[in-house]
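Per-chain residue numbering starts at 1, and chain names A, B, C and D are given in the order in which the chains are listed.
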Amino acid sequence: MAKVFDAAEVEKHNTRESCWVTLYGKVYDVTDFLDEHPGGAKVILKLAGKDATEEYDPIHPPGILEENLKPEACLGTINPDTLPKPEAQPEPASTEEGQGPPPMESLLNLDEIEQVATKNVSKKAWAYYFSASDDKVTKSFNTAIYRSILLRPRVFIDCTRCDLDTSVLGHKLGMPIFVSPAAMARLGHPAGEAGIAEACRSFGAMQVISNNASMTPEQIIKDAALDQVFGWQIYVQIDRKKSEAMLARINKLDAIKFIVLTLDAPVPGKREDDERSSNASAPKPAGGSPEKQSEAGDAGGGVGKQLFAGTDPSLTWKETLPWLAKHTNKPIILKGLQAHEDAYIASLHTPQVKGIILSNHGGRALDTAPPAVHTLMEIRKFCPEVFDKLEVWVDGGIRRGTDVVKALCLGAKAVGVGRPALWGLGAGGVDGVKRTFEILAEETKTCMRLLGVERVEELGPQHINTRLAEQQIYDGPSGLELVRGTFRAKL
Amino acid sequence: MAKVFDAAEVEKHNTRESCWVTLYGKVYDVTDFLDEHPGGAKVILKLAGKDATEEYDPIHPPGILEENLKPEACLGTINPDTLPKPEAQPEPASTEEGQGPPPMESLLNLDEIEQVATKNVSKKAWAYYFSASDDKVTKSFNTAIYRSILLRPRVFIDCTRCDLDTSVLGHKLGMPIFVSPAAMARLGHPAGEAGIAEACRSFGAMQVISNNASMTPEQIIKDAALDQVFGWQIYVQIDRKKSEAMLARINKLDAIKFIVLTLDAPVPGKREDDERSSNASAPKPAGGSPEKQSEAGDAGGGVGKQLFAGTDPSLTWKETLPWLAKHTNKPIILKGLQAHEDAYIASLHTPQVKGIILSNHGGRALDTAPPAVHTLMEIRKFCPEVFDKLEVWVDGGIRRGTDVVKALCLGAKAVGVGRPALWGLGAGGVDGVKRTFEILAEETKTCMRLLGVERVEELGPQHINTRLAEQQIYDGPSGLELVRGTFRAKL
Amino acid sequence: MAKVFDAAEVEKHNTRESCWVTLYGKVYDVTDFLDEHPGGAKVILKLAGKDATEEYDPIHPPGILEENLKPEACLGTINPDTLPKPEAQPEPASTEEGQGPPPMESLLNLDEIEQVATKNVSKKAWAYYFSASDDKVTKSFNTAIYRSILLRPRVFIDCTRCDLDTSVLGHKLGMPIFVSPAAMARLGHPAGEAGIAEACRSFGAMQVISNNASMTPEQIIKDAALDQVFGWQIYVQIDRKKSEAMLARINKLDAIKFIVLTLDAPVPGKREDDERSSNASAPKPAGGSPEKQSEAGDAGGGVGKQLFAGTDPSLTWKETLPWLAKHTNKPIILKGLQAHEDAYIASLHTPQVKGIILSNHGGRALDTAPPAVHTLMEIRKFCPEVFDKLEVWVDGGIRRGTDVVKALCLGAKAVGVGRPALWGLGAGGVDGVKRTFEILAEETKTCMRLLGVERVEELGPQHINTRLAEQQIYDGPSGLELVRGTFRAKL
Amino acid sequence: MAKVFDAAEVEKHNTRESCWVTLYGKVYDVTDFLDEHPGGAKVILKLAGKDATEEYDPIHPPGILEENLKPEACLGTINPDTLPKPEAQPEPASTEEGQGPPPMESLLNLDEIEQVATKNVSKKAWAYYFSASDDKVTKSFNTAIYRSILLRPRVFIDCTRCDLDTSVLGHKLGMPIFVSPAAMARLGHPAGEAGIAEACRSFGAMQVISNNASMTPEQIIKDAALDQVFGWQIYVQIDRKKSEAMLARINKLDAIKFIVLTLDAPVPGKREDDERSSNASAPKPAGGSPEKQSEAGDAGGGVGKQLFAGTDPSLTWKETLPWLAKHTNKPIILKGLQAHEDAYIASLHTPQVKGIILSNHGGRALDTAPPAVHTLMEIRKFCPEVFDKLEVWVDGGIRRGTDVVKALCLGAKAVGVGRPALWGLGAGGVDGVKRTFEILAEETKTCMRLLGVERVEELGPQHINTRLAEQQIYDGPSGLELVRGTFRAKL
């Protein structure tokens, strides 16, 4: 029979030497696990001796506790009567009528959904989702660049029929929109990544599951439709064995059609809103040399930084790609390309690499990095042959159906949304994500109809005026000659 | 003798199975008409069992009730004492002195008139007039582009005389300004479209009557001057018979000199202010799948969306133009062209097509579509011969006499205003529209004088500096070669 | 002995048939003068029967009353006890300390002086000075264009000496700055135009006396230094005799070295602040057709519009210039040129024309007209030979010494300020204008020193980076070929 | 035994004829020194008869009193009981928690540090540090131009290692960042310039000591590390002997590796915040002619202007450089170059000149002068050979690690920060400066890693997109041909 502890007893074990925590009513001794925790010891020590369930739950997939702790780490159960009473939680800010979020169908666009979600989710979730690097120049630019591209409507064309159907990597989709790998969905709503999957199912949208999802891949795809398309994002771990184990597990999941290797964030960007939110809730170590503080700061940081723990910053074309190809039987998509040179190099790595996602990580990696639209236009300018060899997808900044159409006109096969899916979830759970897709689908169709276009394949550069954006596109020295030389020599 | 009903009795018939409404003191059974209503059944059902007069009146031309309902649908009259007392209506927000709108002559520009009208009209009218698609990027750009074009005043030229006289399609006008087809004028003021006609008469301005006018064409032109010029806008109906009947009726009206076929809105744009205003007043259906909600949303939507009911999105150069030419004896003007290619194609369809109106529907169709100034400049750049074959008119964003002059300098024969006429009406009825024309006329003349120009025909590109705008004009692949090939082959 | 009237008696004569006014304690019968009043009958009728001194005084030069009225028009004097008590005048808004304007030397730049003047002068004066046409696009652009031009400081140059001395038309000046013709100085301060002259004397600045000065030319130049330089601005009157009489009078004044013929305002621009201010103080005629109201509005309008009464809009190169040359013995400067073509034509009219002032009338004539910087750059681009034949001066938007320097670098010989002189006067009378000059002189010298330049003649295009402005300069069809053809043929 | 004075006795000597002041408890007769004071007599006279310690201390290096006054000037000591009680000093505005500045490690970026310092330091210090010339156009542009340059991240590159080590003039540095000469550090914090030196030591950063430091060079370098690198800035005095004496003193200090001759401020710019702050605390002379006021204003002015007293504006390539080379045995760096022509001329003066600092004096000299980024790009465009002959450093506007990287990509060897060091000091003393360096170092490394760059030498133009900035770069007539001609002839 399991031993029952009083909270006062657990409370005593609050040091690196003896560190206990309470989770879901059970008491664990995690002293030995401190150094193995991918998020660092510090975040655990902040909760040492306490009931950590509320902090732990929304950012860890169920079951991961059992996977990582030995059975004997579970010491027994807590006597719930001895736990401190939870403070009266302030009600989530409600809408004007004072009765929770408004009906999803009354929200007319993605900005409104974000506004509702902002009021609805915890400050920590908001900070993690909203944050981007430094001054958020890139985050803002991601959306603004779409507004600066004009459409060229054509008239007197029968636009009765309009169809968002498309295909990626040979798989049929109901719309050319996918959910970018976005971590920690349960932070915003208990439905989590599985809720996003449910919404995707309704619209034939594709979902790329984050390496840092708050649910397991198996849980996320559990109720998938037969023809539903998923990808799985990998952050390669310094401990390759962990990544190989994970890949082996993914290889078994048929619903996952491809592996997305994220390249734009080998080290975490500086997401100040996220860090500020974490700092606010954490007691600060007093004094210490700046060097020590820096280390502490690194170990702490925001949710975003914690998720990077264990990620390998040493990936290369030469070493990592063959390794990955060896450990998966699925097509590989490279995510985070931001220069035409890298797109070109990727195109030399077919057939292992089947596609690329032009992305700046939603402005969360390097501030003043270019929007995906720039990279699309760079490729068109310097090495358009890439479009023939690879599928090119984009994400970042999409807020309107007209944005989707513009990306497609520039050559993208599919367009990803990250934050909008999370805001949808935060605003209204599964229904919020559905509403997000519904709005994007309706707007995209209206746009296509008014351009006189029936199917997404018909969209092309003749439908847009990119004159202003062209004046911003890189025209310095291209690394292409160098690349071509290198690879010609090698091949 | 007509039967007299108590309101309580009428109130019981509030379902799709038995739907009664009270209009102008009479009780109608509209159950059978529900599915025929161009605006959809839903908007009627919202008023089922009630006195619908206040909602019905400002958006339906008088007489249309009798046209559409069989005599037996009128069941009798209502006992007015049994109707609920109207709620004390909040007074329209008045000006500072608290005594209604200020005298029209104290309003110095079109923005001030819009401000007064905004306070003066109902929220529903404001939302319908003000709204534009998505983020209103195009609506704002329509005006901003004029501000970015500089004038080039010339000096030491006798500018004693200055004359706004011009002619379109061979008809003399007192000024090169027309009222674009703008629906639902009675929503803003009881004088309605006939009031606009009265103001036009005073200034020799031309008026294009909206297909969705809140008065009949006959009513609008009733007091026209002998030489007053009207056009009539057609939205072709899915049920062609209805359109043909309407054309036959228009053919008989001599004051109407041409037919305007609107092409830029085969499907409705997304006017969020309008939808929000309608949502606010409508009870929402609870629950339902997103698909169902979407349908419901479509049926509902704003005033703008309701007006689209029955409109045919399948129009084509090949089918629709011959059909229209067959059913009217008047010249055809195509409205809503936004790409030089379409202007060029139109120029191949003389003599049926006599002119084109470059328009983005006041920013109400596709957001981030180009302003008419862009299309004018595209035509000048790619196919200036269009100006020799067709009259080119523009609308959208005109707020100052200098804007009028700039459009004329770029080759427009006439310049349309839509919202300004409605705001004028809303601010002060017929006098408000007159004041709008007076301001535009005075400003246009002052501008011409300061350019050293006596007559509108003298205005040309030498009077303006479009350097900044030129840097935005489309210079991607032109569809012209394709068009020329196609038509050469065909002809 | 003059008759003494009670106010009540005078008050009865308040109609067009019998119109009396009290001025400076005397009673005048102005019935016959009504139709001759250059500002129109209406403004007099508004004051009919009343003591008009306060309205009349600041906008009429002393002595003009006697010039225009026959002796018998003076009926006698008013009994001051019978006049209504003046309303307690609200104190002019004072500075924070509540004790009038701050010491002039505490004001650090021209914007601060404008702010103080804005608080200090009457609303009417503010509105007249501040106002510009339409949306004030040109007024703002006048200043903004200077900010967009970058300076190119050079180093390691001895800048101990720095000298603002220059000469125009062969006359030495202490600084390359002049006061543009700016009307109604006494509206802002009793020192009036003579006060501006006094400040100019201290700094060797040149002053162009407005045709609509609130003091006579003789009064303004009365205390001039021997070497002080004045110009006199003429608005040619429809009644040429009046202009010729005035010219004859000016010809006798040696201090006035040249005549400035203003060409950029043959008709008044639409200065809404000014009109609004006048409307606010005027009782409105009730009702009336819009046409009548328009006439009324014209006759009324703001101070600016009243000053235009009698001005001839029919001036031409061919007729007016010879006429003017015949009636003056002084060099002629043409003001208000805004296109390179007109600058070129002016250069063909030497030797009568000695110089031109590039000006858009402070943004008060045609809105969206180009700033003088544009015209300077147009001339440099299309017909730089103009600089060899004529002196080119500019005005409009100058607020900083760096602005002065930039204009000089682009080829201007002198730089005019209009509003800044009036704001200086309004802020602190003569001392305020002196402070304005002092600031400009200091800033200009600091700028020259930091560019490594000792004398104004050394300044050139190598000292500025106009790259951004160049992208805005007109590059459409030049009228030069036409002009050259015309004149070659003619000469 | 020193005489003891009552404050009342000292107070009597408050005129130019007999001027006593109390400093650090001693009473001095400074009557004879008035005319020698580098900052002018006026600032002393403002404090005549009073205890001047609080005003004197933070802007004068310790010991300078003894250096400049003869021993007999010290008359005795003050009886402290007779001094007026100091007014209760308002507490420096504290942070929300009401307990002084927040912990430095909680500040996430340089803007936050500036905000904290703004609350923390005296108004006078804030005004002196914050101020820039005129409208601060250049100050703002300095930062904005960096934001307009986009980065070009490359992917799939091992970025485990990242190293900020670099070298300047053959000396190793821990990071490519230096502290620009920034005066009056003790105004913001008692740790002063020595505190900045201590922070530099922790990070291997270089420090250029201001000519107007509030501590002596000896004091500043006292605790320097063996390999710590300092420069010393010279403003050449009109009295060359003073400068020569100072140079002789500096020549003896091994830690000072080079002399920085500042060229961009031969005369002071117009720093209005600084002047306003000084005006606010100074009693104004009443009346006086504007000329006199101007003189007074010059003598007074802000802190910045006072520091210029005695500075020689007559420096030239020909005279000053040989003189300086004669009086120092250290390499010479020229600071304040803003045109490619001057950079080129500097490159002709090797080997005496070893480097140049492109700088506009933090926007404090000439407003609308170009940012250093412009000058870098001008050199790249017109005379890239300069980079081979000289080390090129820059400062101005750096606020982010990405800014540092962009400057390095454009060819800078090192990047200076001025205000950020002072704000760091003001926010938290030595720890504040350390935090400033720490943030910059971390941000710079993150940026390099995300570009796929390990060492600063690898950074190049291929890592940035300067397309927008290129459209602003000077392309007028280059003075280079002239320079080349001149020097070829001379050499």
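Following the convention adopted for this analysis, contacts are C-beta pairs under 8 Å (C-beta built on N, C-alpha and C of every residue); 3 or more make two chains touch, one makes a residue touch a chain.
None of the values given here were measured: they were computed from a predicted structure.
Engineer: Which chains sit in contact with both members of the pair chain B and chain D?
Structural biologist: Where chain B and chain D share a partner, that partner set is A, C.
Engineer: So which chain is farthest from chain B, going by the mean of the CA atoms in each chain?
Structural biologist: D
Engineer: Residue numbers at the chain C-chain D interface: does the shared fraction exceed half, giving same, or fall under half, giving different?
Structural biologist: different
Engineer: List the centre-to-centre spacing of chain A and chain C in whole Å, with centres computed as mean CA coordinates.
Structural biologist: Chain centroid spacing, chain A to chain C, equals 63 Å.
Engineer: With chain centres taken as the means of their Cα atoms, state the distance from chain A to chain B in Å.
Structural biologist: Their C-alpha centroids are separated by 45 Å.
Engineer: So which bits of chain D are touching at least two other chains?
Structural biologist: Counting only residues that touch two or more other chains, chain D contributes 471.
Engineer: Would you pull the chain A residues touching chain D in the complex into a rising list?
Structural biologist: 134-135, 137, 263-270, 272, 275-276, 279, 284, 290-291, 293-294, 296-297, 313-317, 320-321, 334, 336-339, 341-342, 345, 360, 365-370, 374, 471-477, 479
Engineer: Considering the complex alone, what residue numbers of chain A touch chain B?
Structural biologist: My answer: residues 103-106, 108-109, 147, 149-160, 202, 400, 402, 431, 434-435, 438, 442-443, 446-447, 449-451, 461-462, 464-468, 471.
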